[in-house]
Structures are given as C-alpha cells and as structure tokens.
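Next up: some structures, all given as structure tokens.
What follows is chain A paired twice: with chain B in the first complex and chain C in the second.
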Partner chain A sequence: MSISINPDKCTGCETCVTACPFAAIEMRDGKAYITEACTVCGACVDACEFQAIDRTEEAAKPAVDLSAYQGVWVFAEQHKGDIASVSLELLGEGRKLADKRKAKLSAVFIGSGIRDKAAELIAHGADIVYVADDPALKDFNDDSYAAVLTTLAKQHKPEIILAGATAIGRSFFPKVASTLYTGLTADCTMLDIDAATGHLHQTRPAFGGNIMATIVTPNHRPQMATVRHKVMKPAARNGSRTGDIIDVTFKQAGTVRTRVVKTVEELTETVNICEADIIVAGGRGLGSAKNFAMLEELAKVLGGAVAATRGAVDEGWIAYSHQVGQTGKTVCPKLYIAAGISGAIQHVAGMSSADVIVAINKDPDAPIFNVATYGIVGDVNEVIPAMIKKFREIRG
Partner chain B sequence: MNIIVLVKQVPDTAEVKINRETNTLIRDGVPSIINPFDMYAIEEALRLREKHGGKVTAVTMGPPQAAEALKQAVAMGVDDAVLLSDRAFAGADTWATSYALAAGIRKIGTFDLVIAGKQAIDGDTAQVGPETADMLDIPFVAYIRKIEQVEGKKMVAERLMDEGYDVVETTLPALITVVKEINEPRLPSLKGKMKAKNLTVTAWNAKDINADDARIGLKGSPTQVVRIFPPAPRGNREMLSGSIDEQVGTVAKNLKGQSLI
Partner chain C sequence: MKILVCIKQVPDMASRFKVNGDGTWYDETDLAFRMNEYDEYAVEQAVQLKEQQGSTPDITVLSIGPDRVGEMIKKAMAMGCDRGVHIQDKDSFRKDPWQIASAIAGFARDKKFDLIFFGMQSQDRGSGQVGAMVAEILGIACATTVVGFAFADGVVTAKRELEGGIRAVVKLKLPALITCQLGLNTPRYPTLPNIMKAKKKELLALPIADFLKEKELVATASAYPPAKKGTGLVLEGDVNDMVGKLVGILKEKTKVVK
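Moving on to the complex of A and B:
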C-alpha cells in the first residue's frame, strides 16, 4: 500500500498537511509531498477536495494461509483464582464474534490450583477451556505465560486472540505477537468483525484520546488485541452450558530467567479502580490530605473506589496506583465524580469514556466542565459533605 | 554496565487539538518532545552508570529530525547516540519498529540492560519494549518503578501491577520498561549541551543493520491503520445552578433516575 500525490491535481491548498495525524506531509515547490513519517492511514485521501491523493492497495499477499485459522480465543486472567471481570466481558464479546464467524469460542486459563474454576468460563460463554494448571505458573511471568499461549496458538491456529488491557495482558501479549509474527492492537474500545473475511476491525484511542484509529491485521494470523475494561458486556451466566475442559501440560523450556520474589497489594481499599463502577476522584483542589480523606467517605457511601489526578498524587495525598490519566490508569466507570480537578488533557484521557461525569470545581471556566455531564460550580469543602449527606439519605 | 535506552520523539499530545469543523488534528506549532516515559528511562540509565560505571547509548528509529531527541539525551548525559533512519522504515507498526530496534541493538554489540519507556504517548501501545525483548531473546520486565539491586548478572526490581507491585528478579541482559514513579529526570547540564551541540549522531540505515527488507517499514508491519476519526462527542452537559444543596439534590435525583446510586 502506498499514498501518492498527483501533482497535476494538487492545488497546494495544504488541507492535507493539517489533516495528517502524523505530520507526514510537507509542502515542496508548492505541492504536497509525503514524507517517511507516513503510515498510509488515508486521512489525507479523505481530506483532499481535489482528489489529488491516491491510496493504492497493492494486493499484498497473506503471510500465512488465512483460512487455516479458526475460532476466537480469550485469555482468561485470574488473580489467586478469581477470574478478572474484564475476561468475562471479553467472553461476552468473543461469543458474538465467534457466532458471526460460526466458530468456536475458547478460553485460555493459566495459573496454579485453578482447574475447578474452568467451568465458570464455560458458564460465561466458552465452548472450550484450555487449562494450564501448574505450580510453576502461580505467579505472573512473561516467559511462561507467553510460552503456554504461543504453543497453544501454534497448535490450534485461532483466528483471533483477545486479552484485557490489564498490566498482565499488556505485558505478555506483545511477546506472543512478536514470536508469532502477527499484529497486536493495544487498548481497544471497539471490535467489529467482517463476517466474510474474518478481518477484525479494532478501534482504539490515540494521541491522548484526541483521535480514534481503526486498525486491521489483513495478512497475518492470529489477529491479537487487548481490550479495555468495561467497554464490552459480559454474557449472562448460564450454569447449564456445556463445553470441553482440556488440560495442557506446562513444560519449562530452558532456564528460568525471571521470577517473582514477592507480591505486595497496595491499594488502600480492595477495589481496583479499573474495575470499579463508581469512582470518586480528587485533584489538587482538595487542598490537603485531610480533605482528601472526605473522598474516601463519599466513595464508601456509594460503594465506589477513590482515584486521583497526578496533581494529588504528587502532593502525596494518595498512592500512584490510584492515578488516572495518560501516565496513570485508564478507567471506564458508570459514574465518575471529579472533585477539585482542573481537567487537563492528560487526566481527561484516562476518564473521558465514563458514562456519567459529575464535576465539582470552584472555577466555572475549568476545562473539566467540557467533559462533564453535570457541572457543579462550588467549593469542594461544601459540596462533598453535602453529597455525603444527601447520598447517605438516598441509600438509607 | 553497558545500557541502551530506547528513545522516541513524539508530538506533545497535550498540545494536539482537534478542529471540530474539519475533524482533523491541529498540529501547527505542536512541539516535538522526547516521549515523557523515555525521560525516566534516560534518567535511570544515567543513575545506574553513576553507580556501576559503564556507558549509556540512546537509540531511536525515526526520520532524520529525530536526531534532535538524541541530542537532548546527550545533553542530559548520555554517552553515545544512534539514529536508525531509512525511508524503508517508514510506516512501521510496533512489530516492524521492534525488528529494526533489535537489529540496531545487535549491531551496537554487548550490553547488560535495555531500558524503554512504558509506552509512547502518541500511540500508547506499550508494545515496542516487550516485542524488542522477544526479538533479542532476552527477558522482559514491564512497569519498573524501582530498581532495588544490580549484582553481577542479576537484577531485582519492583514491577507496578494493577493491584500493587511485585518484586521481580531477572537475569541480565534484560529489557525493562519504566513508569513515572521511578525517578525525577534531570535537566540538561551546560557541559552536556555543549557536547550535544558538537555531536554528529551516528546514523544507520536498513542495510547497515542487516535488516530484512520484508520485515521493516510498512511492508513488514502486520497491522494497518485503515481509518482515523474524532471520538464521539460526549452527550449534553448541564451546568447546575442554585444553592449547593439544590445542586447536589439535582445531581442525586438524576443519578438515582439512571440507577447509578
């Protein structure tokens, strides 16, 4: 594939220069010129009013026999035997994709002492569960997790493999994709399949959430993606579903290169903010650690989790593991209450896909109000206590 | 200790805005910066060198102007810089980028540690680190927030996870990616700035690093971007009015109406 400019049609209007998300078009001698930063995304083709830009699709030959790959797989993540909620969401989505392709849905379940939980994955939509249950797989390890999945994928040739965009999924999926020489799309928020070709259209935010990009892996298989929490819907649990549980043996290949010495849980509460339905987040506007503690109370009343801006983390009011945004976590709750947060783009990038956002800020021009569903202009020191009182009344 | 840092030049996404009329990104005057996570990678490499001796080499794959990012790294104290640049690298996805970086690193020769940022803020993929490690066949540990110990061919470090952190031991050479918590990057020194000014960055093309033509650039990339569009605008916003109690009451009523509380 390539992009070419027809100099006879190019009027030098520079529309394409601004349209290019990668700054890959320059003006040379009054005409547009495609530089090496071009990723052939085609944004300029759509933007040009003079049809002066062409995208030629050379029929690239598939690297592999695409038809040999069948079925949808989900990496089922677990922590001490508890299946991650995002994995159940992916089984829900995977079921739909598999049905569209009239194919099977499988789960790959890796850990130690987890075999009795495999039936739960079938109840949530899987037809087959591959279980690698071995004491050597107790802790997350990139090498061993990748070895299990890579071996299985080479054997059974799935068309699609999905994982949650969690710390674990985003750590070891790239290794699998690298070994299999295939495409991996990180942090997707939307998936769609072409029922005829099986091409997976993977949509994800880029440039700090300023744009969305749809990505395909046309000539390689399996097609791999990690998917954000809370954007897919889990299928309703059905205990009477049946399926096959297949044990796979794990063989340590070569020497062990990395090992977990210990695991420390650090969140002040048990709720992982990525999985929370309700989040109460605070920023520098809270003013002090003591005021920040009010948020914990509000979160408790609502049964939610506490998050923070980098500003609040830098003040030392809360641990970094609670930071939301570009250099923190991406969250997608049903309700996000933003208290004393200015709404800097780096923060908003991590929370703008919340269903409902309530913003509290004493500055009516704070940018957070641009993404808010409900905006309250006021002092957090008055608003938060009022909320605690009101919500407590409602929840009894 | 010989350390290689992977540095990417990115547009400062904080400055990138969408033109709502044309649905395109406004990039006029958007400055190019070193990917913020890579600043932590550079700083950590410098600290390790100060402690254990050795040499730090910064590597980037990008267009000729990416040399600017390397000069900035040298101004901070990096010893050497390598630019991988070739029109044939253009359009590389994470797989093809990692392939080129791994080939470049092999040409540099022996090393004990490769440090990359957790992710680049333009694409946010967080894949180039682990894919490069796989291609170099060295262990990979993500999200390092603290290096506790380096001794001989072993390193112990804290890896940030969703629910806390792990203490991980790994053999060296290895590739790690670092998160913001790990350090506070230093400013360039005067001496460093002088050095950067006079530096001619080593530039290698695809042939120099013995890259297979079929595995670099657009041709070597399994993924393709097929469409770019602005995110759906958020629904209506409502600025509330009245006393604090009234405003809180309105919010409470609405949230209850939507079964959110």
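Moving on to the complex of A and C:
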C-alpha cells in the first residue's frame, strides 16, 4: 500500500499536515509531500477536502489455487552417476509425507548416463521417476538443472519439492523457486505435513542452532525446501517395488549463462565431511601440524573423515574445506570425536547435532564437555595414540 | 566497470540468544552487531578486483536494515568501497529471502552493475538464497560458494565448491553475480587513514518502499529454543583405562563403531 498526492488537486492548504499523526507530511514547493515516516494509516486521505490524496493497494497477484498441486517430489542428486546418500534420505522422508497426504512420491533424476540407476529410486520408495539423461547435463550447472526442474514442475504441479541442502541443492533451488514464484526454506532438519491442508511445516535451525524456526508457505505452491544431510532416515530398499520411469527430453529453455569448464577433485577430501558417519576433528589444542596428523590416522582406522576448528585451519594444519562451525560446514555424523577443541560456540554451531559427541580435552572446564556425550579429561597427544591402538586391536 | 557488494549485519555469535516476544525471531536487546563474515570476503574480493583493474571500477556497497547498519557500511567503505547505499528498513528481519532479493534487484535493475558480490550466506539465518535469487531476477550469470576468483578480458573464472570434495571451474560473462565462500581471501583490516577517508564518502539512505513491491512467500510460524541434550559422562584418570572404557561404550552404544 502507498499514499500518493495528486499535485493537480492539492491546493497547499496544509490540512493534511495537521491531520497526520506521524508528522510524515511536509510542504514542498507549495504542495504536500509524504515523507518516509508515513505508516500508510490513511488519516490524511480522510482529512483532505480536495480528494488530492489517494491510498492505493498494490495490484495483488491472483491467488494460487492450492488444490491444483498434488504429490511430493524429491530432487535425486547424483555425483558422477552415483545416487547421493542424501537422495535416499529424501526418499525416506518424502515417502512419509506422501503417505500422510495419500499422494504419490516422485523423484527427479538429472545427469548423463544415469538411466539404469532410476530403478534404484523406485526400490527406495519413489512411485514415479522423471529422468533427464543428456550429455549436456553431465556436470551440474544451475541454469540447465533449474530449467529441467522448472519445466517439469510447471507441467505436473507438485505440492512439495525437496532437495538436499548440499552445495548443489542450495545453489539451484533459489532459482527454481524464484521462477515458480513460490517460497523456499533452506536447511530443514524436520518436516511435517498437515494431512488436511497440505501445509508443510518446515523446521530449520537458525543462528547456529540457537533458535529453531518453523516456516510455512501458506499461499504458494509448490512448497520447496532443502533438507540437511544425515538428519532424515534413509529409505529402506525393496527390490520388488514397482513404479514408472518417465524419460524427459532436455531442452535448455533459457540461456546458459554460466559455463562449466571442468570439475576437479581435491584429493585430500575423498571423504566428504558432510556425508561422513564418523568425524575426527581437531583444534588448536593439538599444538602442531605433526600432532594434528595423528587425527588422520585415527580417522583412517575408524573409516571416518577429518574436520577442524577455525583455529586449526588458521594454523595451516588443514585446508579451509575441512572447517566445521558457524563459518564452515555444518555436519551431522553418527560419531564426532572432538580432540583438543575448547568448544567455542562458533565451532559447536556446526557439530552439536551429531548423534554421539566424544570430547577429549585436558581442561575439565572446557565448554566442549557441555555438549559432549562422553568426555575424556586428558592430554590429546596421549589419548589419541591410545585410541588408535585400541581401535586397531578390536578392528583387527 | 561498476561493482555492487551486498552485505548484511548480524549479531555477534558470542552473544546469548533469546526468542523475541512474538516468537518469530531473536530478541535484539543487548546484542552486539557486526558485518556478516562471508560478506567480508565479498567486500575484500571487490576491493582486490578494483586494485587489479587500476582503480577504475566503482564499488557500491549496499545493506538493508535499521539505522545501526550505517556503521558497518562505513567499515566496508574503509576497506575500499567507494560509496554506500543504506536501504532503510527497521523490520528487515521480518522480510523473507524473496523480499530482500526483490528489494536489492529493484535497486540494482537500472544501475547496470557489471559484477555483484554476495557472501555465501548470512551467519544468522544462513539460508543462502538471496544472492542466487537476485541473479535470477536480474537474469544474469551466477556462481555460488566461490573459493577461487579471477577476472580477465571481461570474463570471470570462478572455482566453486560442490559436494564430495569436488570443485567446478566455471566461466561467467558479465554481468555476473558470485557468492563468496570461506577461504576465498583474507579480508583486510581498515587502516586509520582509510577510516578517516571513509567518513567523507557518499552514504545514501533510501527507504525500502522505493524498491520493494513484493509480498513475502514464506512465513515464520514459530521460533523456539532447541531441546537441551542431557549432560554427558566425563571420564578422568589413567589414559589407557579411560580409552578402554570409552571404546567399550562406543562399541556397545553406537552402531558405527563395531
């Protein structure tokens, strides 16, 4: 809404200036002028004797017919042709939502040379798989992936579309949501659906987990959300499930504005910390790069990945991409071993939702013990080698 | 060359957060505010590009929020931005990403910026949506979570983070928008002479109503503190005893350690 003055009708009588309860009207060049203090209360409209002031409602977009949208969709992410673990988690969660709404669960599968994997998505709970298999879709590209999903969503009108809160999902979902003119909630850790209305309650942590917020998309469809890794339970495999695999011909609708030159793999990160079940993390308390390297060994014994606090990254002991925390990655492994980490909120924000947290610190008052499931008060440089030895024994 | 950097002011992470009275966001009383860390990388990258291009680019730094954001805009100008735009909105925390993106796009639409820099996400809400949405509204090239940046012959070459330790190298023709990830650069500290200079730089204050015509697409139904976990078991004593006990517990209680 806004207030506008018609300068042809305004006589400069200043009645409105007196009438405004917020002192939001000034006289400029003999005519009334609305300043930014205006609250659009409309008092001036009533006060003006010359009908020189209008209060206009902005042209409302037509209301969306929510009932025209049906079914739950998940974007099934793949990496180099392999279905990402988060996709199976989405199918598990999507199946629950679809069953509550008595609706179908569909997967959208985009890539190159992936068609024979589509049946796996059905075995994990999808009723329909839309496959866009095209050499042009081999590498992730925001423009082309968004084009595929947007076209399909316009055609089939799903009620809900979910993606993993991965770099890929977080990058192209905002584009899709803007184009479809609908709401998007990022990084959800809990989803629930109102069986009657179909409203999706999307709960996400904000402020590094200090506050949980539940978000709804009351007036628009599809309801879009990205969901964090490892939070939802993956769908169990059932090879006898049947469903439809529908091939989608890829046509780039808009222009591709961002061209992928190549993709490179950083060798030190063969295990993605966002997807790891076990993480061994270290902080400044390790004292040196040499000591930090012990964590690599422990991670290797456990089949886990190595992460670090900002302090350890700043010391140059490990690359930025391993940093966990407020700045850095948010991880949710089954086991998080925090070695020589004091437990500053900036770090804890990125790891507090791990299932089991083991803290090793020589200071019994370190805040890390407040979030730890199990704590060891001791010198990391003695405890870690002992752990490596013990785990080696039991794992042969 | 015209550059736009969009930055946000966020509460200091070391603060204690309480949910506000109407249960939709945190209570701002007693909080200290600072520049969103990811946005510092955006400012630094813009300033480095200006230095590399022989100072010809003109950098506008923009923020949306209440009066307190002015101080942060001045800091960005002290780091090297040429002019500031403060889009005034005392209720910016109630706007959803779509509205913030629409307001920024509304400002930028007719200004012909060649490059727009954003932080990868904000430290408070952390949705990471606004940058990508602005690119979509303006119809310009975009790369998110960028960890490497180079500019030559009118083309941006960016290295961006994808999943599983994979990076993609992408080329973007101008106009383009990038969102900056941790590790892209090391933001500079403003020097005293530059802080003094920044005081003389132009800082425009404009009402949000001039740029925002969109209603929100999502609504916050509720906000609440997370459930507290019970206190854990802390072991003390001989190293080998503790480790033996711990490994036993982990074997028994977790499925990952077999």
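Keep in mind that, in the parts below, the second predicted complex is superposed on the first by the 330 of 396 C-alpha atoms of A that agree within 3 Å, B and C clash if a C-alpha of one lies under 4 Å from a C-alpha of the other, contacts with A are read in each partner's own complex, and residues count from 1 in each chain.
Going forward, contacts are C-beta pairs under 8 Å (C-beta built on N, C-alpha and C of every residue); 3 or more make two chains touch, one makes a residue touch a chain.
Keep in mind that what you see is a predicted model, and the values were worked out from it rather than measured.
Visitor: Based on the superposed arrangement around chain A, label chain B with chain C as either clash or fit.
Guide: Here the two partners, once superposed via chain A, clash with each other.
Visitor: One more residue to check, A:Thr182. First (chain B), second (chain C), both or neither?
Guide: It touches chain B and chain C both.
Visitor: Per the contact definition in the header, classify A:Glu266: touching chain B only (first), chain C only (second), both, or neither.
Guide: both
Visitor: Looking at the overlay, does A:Cys41 come into contact with chain B only (first), chain C only (second), both, or neither?
Guide: first
Visitor: Contacts for A:Ser144 in the overlay, against chain B (first) and chain C (second): which applies, first, second, both or neither?
Guide: neither
Visitor: Return first, second, both or neither, reflecting whether A:Ser106 touches chain B, chain C, both chains, or no partner chain.
Guide: Neither partner.
Visitor: Where on chain A do chain B and chain C both make contact?
Guide: 2, 36, 79, 139-140, 142, 166-168, 170-172, 174-175, 177-179, 181-187, 201, 205-220, 257-267, 272, 274, 278, 302, 320-321, 326-327, 334-335, 345-346, 355-358, 364, 369-378, 382-383, 386-387, 390-391, 394-395
Visitor: Considering only the defined contacts, which chain B positions touch chain A in the complex?
Guide: Contact set of chain B toward chain A: 11, 13-14, 16-19, 22, 24-28, 30, 36-37, 63, 87, 89-91, 93-95, 98, 121-127, 129-131, 133-135, 139-143, 145, 156, 160-171, 174, 179-181, 218-219, 221-231, 234-240, 244-245, 247-252, 254-256, 258, 260-261.
Visitor: Which chain A residues qualify as touching chain C in the complex?
Guide: Result: residues 2, 36, 58, 77, 79, 84, 139-140, 142, 166-168, 170-172, 174-175, 177-179, 181-187, 201, 205-220, 257-272, 274-275, 277-278, 302, 319-321, 323, 326-328, 334-335, 345-346, 349, 355-359, 364, 369-379, 382-383, 386-387, 390-391, 394-395 of chain A touch chain C.
Visitor: Would you tell me which residues of chain A are touching chain B in their complex?
Guide: Against chain B, chain A makes touches at 1-2, 15, 18-21, 23, 35-43, 47, 60, 63, 79, 139-140, 142-143, 146, 166-168, 170-172, 174-175, 177-179, 181-187, 201, 205-220, 255, 257-267, 272, 274, 278, 302, 320-321, 326-327, 329, 334-335, 344-346, 352, 355-358, 364, 369-378, 382-383, 386-387, 390-391, 394-395.
Visitor: Give every residue of chain C touching chain A within the complex, in rising order.
Guide: 11, 13-14, 17, 19, 24-26, 37-38, 88, 96-98, 101, 123-133, 135-137, 140-145, 147, 157, 159-173, 176, 182-183, 207, 209, 213, 216-226, 229, 231-236, 239-240, 242-244, 246-247, 249-251, 253-258
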